[in-house]
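Shared between the two complexes below is subunit A, which pairs with subunit B and subunit C, respectively.
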Partner chain A sequence: MAKLKVIAACGSGMGSSQIIKMKLEKVFKKLGLDAEIYHTNVGDAKSQANNYDVVFCSESLVSTFGKTTATVIGLKNLLSEQEMTTKVQEKIIDANK
Partner chain B sequence: MDILMSVWEFFQNNILVKPQFFIGFIVFVGYMLLGKPIYECLAGFIKATVGYMILGVASGGLVGNFRPVLVGLKDRFELSAAVIDPYFGQAAAQMSVENVGRSFSMMMMVLLIAFSMNMLFVFFRKYTKIRTLFITGHVMVQQSSTALWLVLFCFPQLQDPQVVGMLGVLLGTYWAVASNLTVEPVAKLTEGGGFATGHQQMVGIFLVSKLAKKIGDPKKSLENLHLPGFLSIFNENVVATGILMTVFFGAIITVLGPDLMHSIDKSFGKNQNFLFYIVEKSFYFAVYLTILQLGVRMFVSELTNSFQGISEKILPGSLPAVDCAATYGFGHPNAVTFGFLFGALGQFLAIMGLIVFNSPILIISGFVPLFFDNATFAVFANRLGGIRAAAIIPFFSGMIQVLGGGFAAYYFTTGNFGGWHGNFDWDTLWPVIGVIMNNLQYVGVAAVVIILLAIPQILYQRNKDTYFVIAEDFDKYKEIMAKKQGVSVDDVVID
Partner chain C sequence: MFKEFVEKKRYSFHEGFDDWRDAIKAACAPLIADGTCEQLYVNEIIKKVEELGPYIVIAPNICIPHAQEGLGVHDTAICFMKTEKPVHFDPNDPEKDARLFFVLASVNNAVHMENLMAMSEACSNEDFVAKLLEVKTPEELATMDKVREEMGD
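Take a look at the complex of A and B:
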């Protein structure tokens, strides 16, 4: 698979999105996926979503994204590597098979 | 010896008292210690330094944009005013510190000492009973800024090293003790999510977890409620700030009138329409806030990264205390909106109260406390006390934010620069700490630290058998509770 462009988003683009990003970096490494991961606020992510392959955010923010070419993945626990691994496996790896 | 002295003097004059270089320097040294290649150290230095300089431009812009309105209010009504928001508070604190001729570099040193204190507390948790490490970088910057001004306000004669040392201990104790208070509420909400809250309303979360079940019934939850869709625009920071500021500054500037504004604000063009002037002025707050956040993000992301690494490597078995928004995924989306709405209602009523009762200070709602504090409270309140608690608690929290923030901005004079921190703990606990420090001086500081450190001990005495288990292994905690209640693990009631 080509290098993935990933963005993590949260309300202010400061706290939670950076946590998601740091956890994602580990998960992607473990799964052997090559990815560039950024983090920002929801408004910014929404307007740029089409430039990315995958968007990660809290489940409560998924509906803000509406129609986009990126895969939007909602997380319940922003710190759970287990939840991220399952969702990356299902929505990125399996979906691209 | 002379050479050493002049090297130190050079360092002091060019790096130590210049916060932008000081922060860059810390990042540079930190990266060197981590064994990163020199070009990455240099990149980190540049990002941190530029990030801080961006912050400086934005703080100046924020306060400068506010100044004509402050002058107008003073002129006409003998009033001062403050936006209760951590970014406005940080800018006002920075201006206050620099206004008395002190270096804002101290903020960064305070942050590092306080973080180290928190680490020590966790390391010796057998004795201190502290289970959490505060790692929310941007919040640590904001709180260090405001707390630095509180100490300089109460101890104007104190030398820099003493200020930094004393405040480092005080703030580190608060971070450790307050985030430790959120362990139980967050673990129960997230069913052992593996984190605690390290933000601006930690004492608030603890109070909500105690009060909510008395106020309502969790079975009458707000999940079935249908909220209007337009409220989702408040999810975007810029939009929300733009709307809030236009409403508040629109009202204030309209009362002041175009003639007065023409005479005090040169940026109000002769032929410019009054309405468009108001909108432009209000939107400038969104502009500077966006720039400010960009700057903070640039130098804080380096910081948070290393804090996160430390918490995982050095302190296994402890919980990281992170941004309050991490809890939102465990509550219904309605709870977040509900908290924001009822918090706003409480704030607006309290602001009207300030005007009616001729308060010497006018408070303007800021987005961050309004949204993040009250949304968090509603998430916890809904779980324990349903829709009734999720409405009543944010409503009163909103009122407390305005009254406590108003008092603080007036008493600690940051109203002169138009801002106060404004989040729940900084409208309740911290003004009290400030008043104690101001009146009892060193005795007060010592008393505050001792009282804070006693809190985890009391919590531990009450639940010795589960105190550490709930943070380390939630399934085991459930088993213990099931045994206590005499039911199977599936039927255990956790509240």
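Take a look at the complex of A and C:
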């Protein structure tokens, strides 16, 4: 798989998006995925989503993305590496097989 | 981190709030009192949640009220609040209830990242979160760094 381009998004781009980025780096490393992760606020993420492969955000923000070519993945529990691992496996690894 | 909350008087304990807006105002009160941020920052946090939904509830029981860097903020800090009764952010979604609040304010990204990392590492352990939910006094709060350390991963 080529290097993944990933956005971690939240309301302001300085709280939850940075937590998502921190946790994702761990999860990607564990799963052996090569990725660059950019964290930002939803407005910016929305305008740039088409240039990225995947967007991660809190579940409550998923609907704000509407139509995009990127896979938008909503997270219920941002602190759960287990939830992240399952979703990365299902929506990125299995989906690209 | 928890010892620092107590030393810097950046904490509060409350019974509960009927309106999540009042909970956020109360959670931010110590930061207003010591000049870390202005009312403008609190209003901004509330405005963002009204606009985008309760995205600041990052895990069951855990909420991190925050808004854009610099907006009515004069220092980098983290401030703790605990409620006995859950604060409801979404009447239809109990998973968006919160009892532990960590208000984030930032003018210095490096320090802010350290705060964020310490907070998210501590709260990633569910047994620790359960213990934190039992804390009732500042004395107990101050011991929580040690409690977390002894628990390991």
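The rule is simple: the second predicted complex is superposed on the first by the 97 of 97 C-alpha atoms of A that agree within 3 Å, B and C clash if a C-alpha of one lies under 4 Å from a C-alpha of the other, contacts with A are read in each partner's own complex, and residues count from 1 in each chain.
Convention: a contact is a pair of C-beta atoms (placed from the backbone, for glycine too) under 8 Å apart; a residue touches a chain by one contact, two chains touch by 3 or more.
Source: prediction; values computed, not measured.
A.B. asks: Using the overlay on subunit A, decide if subunit B and subunit C clash or can fit next to each other.
C.D. replies: Clash.
A.B. asks: Looking at the overlay, what does A:80 touch: subunit B (first), subunit C (second), both, or neither?
C.D. replies: Both subunit B and subunit C are touched by A:80.
A.B. asks: State whether A:36 touches subunit B only (first), subunit C only (second), both chains, or neither.
C.D. replies: Touch partners of A:36: none, neither subunit B nor subunit C.
A.B. asks: Let me test your reading of the model: by the given contact rule, A:12 touches which partner, first (subunit B), second (subunit C), both or neither?
C.D. replies: So A:12 meets both subunit B and subunit C here.
A.B. asks: Where does subunit B run into subunit C after the fit on chain A, at 79-87, 97-105, 277-285 or 349-357?
C.D. replies: The answer is stretch 79-87.
A.B. asks: Touching subunit B and also subunit C: which subunit A residues?
C.D. replies: Dual-contact residues (subunit A): 10-16, 18-19, 22, 41-42, 58, 60-61, 64, 76-80.
A.B. asks: Flag every residue of subunit C that touches subunit A in the complex, lowest number first.
C.D. replies: Subunit C residues touching subunit A: 48-49, 51-56, 58-60, 62, 64, 66-69, 90, 95-96, 104, 106, 112-113, 116-117, 120, 123-124.
A.B. asks: Can you check the complex and tell me which residues of subunit A touch subunit C?
C.D. replies: Checking each residue of subunit A against subunit C gives 10-16, 18-19, 22-23, 41-42, 57-58, 60-61, 64, 76-81.
A.B. asks: How about subunit A: which of its residues touch subunit B in the complex?
C.D. replies: That would be residues 10-16, 18-19, 22, 39, 41-43, 46, 58-61, 63-64, 74-80 of subunit A.
A.B. asks: Can you tell me which positions in subunit B touch subunit A when the two form their complex?
C.D. replies: 136-139, 190, 193-195, 199, 232, 235-239, 293, 296-297, 300-301, 304-305, 308, 320, 322-326, 328-331, 333, 336, 368, 371-372
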